[in-house]
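Order of writing sets the labels: A, B, C and D. Residues in every chain begin at 1.
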Amino acid sequence: MTVDLGVYLSGLRLRNPTILASGILGDKAQLLRRASESGFGAVTTKSFTYNPREGYKTPIVAEVKAGLLNAVGLANPGYKMMRKIISEARINGVPIIVSLAGSNIDEFHRMAIYADESGADAVELNLSCPHVEKMGMEIGQDPNYVARLVGDIKGSITIPLFIKIGLTDNYMEVVGRALDKGADGVTAINTIRAMAIDIYAKKPILSNIYGGLSGPAIHPIAIRITYDLYSEYRATIIGTGGVEDCKDALEFILAGATAIGIGTSISKKGLNIAKDIVRGIRKYMENEGVKKLEDLIGYVHKN
Amino acid sequence: MTVDLGVYLSGLRLRNPTILASGILGDKAQLLRRASESGFGAVTTKSFTYNPREGYKTPIVAEVKAGLLNAVGLANPGYKMMRKIISEARINGVPIIVSLAGSNIDEFHRMAIYADESGADAVELNLSCPHVEKMGMEIGQDPNYVARLVGDIKGSITIPLFIKIGLTDNYMEVVGRALDKGADGVTAINTIRAMAIDIYAKKPILSNIYGGLSGPAIHPIAIRITYDLYSEYRATIIGTGGVEDCKDALEFILAGATAIGIGTSISKKGLNIAKDIVRGIRKYMENEGVKKLEDLIGYVHKN
Amino acid sequence: MSIGYRDEAIGGESSYTVGILKRIYVHNRNLKSLYIELNHWLDIKPGQFLMVWIPGYEEIPISPSYSDGELIRLTVKGVGDTSKKLINMNMGDRVYVRGPYGTYFKIDDRDKYLLVGGGYGAAPLIFLAHKLVEMGLRPKYVEGVKSISEQLFIKEAESLGLEATLVTEDGSSGIRGLVTDYIVSILDNFDSVLACGPTPMLDKVLDLCRSRGINCQLSYESIVKCGIGVCGSCTLGNTGLLICFDGPVLDINTLNKWRYRGSD
Amino acid sequence: MSIGYRDEAIGGESSYTVGILKRIYVHNRNLKSLYIELNHWLDIKPGQFLMVWIPGYEEIPISPSYSDGELIRLTVKGVGDTSKKLINMNMGDRVYVRGPYGTYFKIDDRDKYLLVGGGYGAAPLIFLAHKLVEMGLRPKYVEGVKSISEQLFIKEAESLGLEATLVTEDGSSGIRGLVTDYIVSILDNFDSVLACGPTPMLDKVLDLCRSRGINCQLSYESIVKCGIGVCGSCTLGNTGLLICFDGPVLDINTLNKWRYRGSD
């Protein structure tokens, strides 16, 4: 049986549903290119900010039992570098999604237009960084702000627009408003604000004290949010959080995701994880008699 | 070196900081008694509701990589049974904390008074059950409601009052208001709403679809919340979430917890986990030259 | 016929192991043995139970009546929605199992064992009989049922070379009466009784063993919901023993320590 | 003197292994070897690195110059805040380490090895020398430094029974010049070069080996922040190779595959 793993993500054709999540190896062209070569269906850049950012001092990560805490601090070379990065990163037509983290609507707007002009295949607005002041959760929690932001940008760019949300009380409202204003899809979810203390040092591990929790810990929460968004809005979703194997990925797809963001597990398994997951999904489809992966999107809502 | 593991929890003397978390084996007298005998410093009952509840149909739990999902559905024999349970459960003076889940202020009020009259050592208001409508998160997210609730009950009972919170956007405000109204402490945190899908069954596993995520997954989030509450309010905190060993417990104490709730890990290690954790904490204190455990409470804020 | 796929092939872990119904043996309309192939190997010891889920129905605890790790046999009586659905499944249908959970029968190869099963409680005992015979032991197998139509594993026990006795309440076959009455006469020939069945039967076996100072291990039932020792629904009588965690197989010392006097 | 406690005693896992400074060897005021006892055993292979954290300071990557799993030796040059703090620690002070991370020198016991260390880059090579000698091999050990005051492990290499050559830029001891110039003359006697040092030195070694068709494994440095292959800060030059994940030890085939032409 030949099976089709390709998906259409708001108009973008992906050869398979795996996407390199934003911030993982994503601020250098050669790493994005390597991710594409390693089998990802699309790649996301690290979030660009208006001005370059050094990021936080080390320790910027803390390994916890159920995942990873990070406080990289949006280290990036500034949005002006994206043109060069996009052109050098492009290979074999693998779509490049540019992630943006502005500190106000104007910054977001300019960066989005620049991304469009620079050849990005889509833009993802990071509304949910849990450890950087003014560029994080506060934005994503305000439905009016998000609606204005999306409305504003949507009128100025030609490529698909995604918003990236985190776990907030009102994500349903925020996403609803964003979709109303023309957002093409939702990336769910970002890391969750958390903390780790070393009991011998008797200090928080991260130099920034707080970090974002990712990995297996957040997977069941991301599944819930994906399920909710699909159930209510039939939204186009990039399900992200704790994907380590094809079962985690398939859980997202059944819940309603069109594609799957992969981040933390790359630190254990390297970029080849995309190939492994794709192989697993193919095998699953053969076993379960599913010809087109797209038929599985949101399947639990129909079953 | 002799070390003192006893703590004062809003006036209650605990021989050690471990507390059986609400809902784990906690609706039967003989199980609460067994927990006390097994070494817990205090025990919490399952949340009582006004009327008896059957709970949800099975599956009520789903094991995920980073922890456990549960949707027990607040199964309990109704608050009238608490008197009998408390009297049969009492042993060796181990404090019994009665957890309450009302669907309105009146229910909470009546149950709290009844708990006080029935010999409970403290009352914990469950404002954060993530999978039962009208008895859950909606309550805990409304600072005005919580303030009224706490003010109302505080005037009517003589025993310490704790509120149990979950992960919400405004927990700082909610707790601040509750403390203003005289709440004696905070139990942080409850489970986080989440979901699991079986990829072969292609259905949500839990009969209730949604469940509460507990275990290692939520530990770094609970640490963050404990840290925040201690940092801002110097609150008395029962740190709860993903405690599997003495390191997890000590992390809570250093972050600001006076005592430690233990739930999910009992399914792996049994009730003897309390003894193991106490032994580990003792050893740690000897090694680190700490005479009184109370000296470690909130230590990272001073270090 | 093969299972069609192996779990390992796709990678990753699930909560449930998938089982596919391969063969059905009908003891009677309401009591069947289901042979189920698993999509990955499980190490199940006689006495332990699985939580068996049929999506759309509930999840119920079942102690397999046989397992080689990949092929398991569940012997199920239809008593309610889920168990009835289970015995009315079709070939090729799937069930989802998690576990195994709980304690199992502990074997000491010097012992002379008496295995006593009541109703579908015979399930873990015939599984155990296979293991004992593999170890070179020759336990006696006793099965107590209401009537001949409920007979389960007498032939299987005999084919293992064991002395097997059927006791029927209505005398339709074998010895007439209650299995607990029957074993009184033979109890003194054994070091240890291993039993599973309805609670009143087990309580009676416990009394008999207590009064004669004979060892026993009893597999009790109760309402198992979580199966993993957190929900508290499965206590045995008034004890603090959890059937899913401390049991289902409980030995006489544990029962004595908890002063278990039988569930009324 | 003992470490006072063992990690296993209290149970559970931490992110960091605690190390206690037990002994300091001063190569010079700005270059020291720290002997550190760990509170639990780590399996560290020569070439791998640890992330070393001093609370209040940063966390930096260090490749141990020796490890028996419980006692490690870090040979550190003070270049910035954290490394300077590290070499100015007192006995009994603690450091926190995680890892080991990254690749290590792969040994094939038929090979004739040339070990070339530049500055503190000699650290993983002297560790490797110990292992090679244990395996019964006799590599040649070459150390290149600016001046005699920076000399590190020549005596240690000799005490292992190895032929060891010191090359100083200023000629204050041993052979005068650049270590890369020195090895040109002897390179053809070896099957494989294992080297660690400043990037320009390694780039030169790579060129030499490429032009002569000699195998090499080179341990490169770059800015390591996460250490676990997620942050992307540690790429080698313009390649997509991560020093913390694909490296630090990279063999010539990998470098060729990525068309690595040296970092400018």
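In the analysis below, a residue touches a chain if its C-beta (ideal position, glycine included) is under 8 Å from a C-beta of that chain, and two chains touch if they have at least 3 such contacts.
Remember, predicted model here, so these are calculated numbers, not experimental data.
Common neighbours of chain B and chain D, by the contact definition above: A.
With every chain reduced to the mean of its CA atoms, the largest distance from chain D is reached by C.
The centroid of the Cα atoms in chain B and the matching centroid in chain C are 37 Å apart.
Centroid to centroid, with C-alpha atoms defining each point, chain C and chain D lie 60 Å apart. Taking each chain's centre as the mean of its C-alpha atoms, chain A lies 33 Å from chain B. Shared contact sites, meaning residues of chain A that touch two or more other chains, fall at 64-65, 196, 199-200, 203, 244, 247, 284. Chain C has residues 13-14 in contact with two or more other chains.
Of all residues in chain A, only 23-28, 30-31, 33-34, 46, 55, 57-65, 68, 70, 72, 75, 196, 198-201, 203, 205, 207, 263-264, 266-267, 270 touch chain D in the complex they form.
Only residues 64-67, 69, 137, 141, 167-170, 192-197, 199-200, 202-204, 209-210, 213, 215-221, 223-224, 227, 242, 244, 247, 250-251, 254-255, 284, 288, 299-300, 303 of chain A touch chain B when the two sit together in their complex. For chain C in complex with chain B, the touching residues are 13-16, 18, 51, 53, 55-56, 58-60, 94, 96, 98, 225-233, 235, 238-240, 242, 245.
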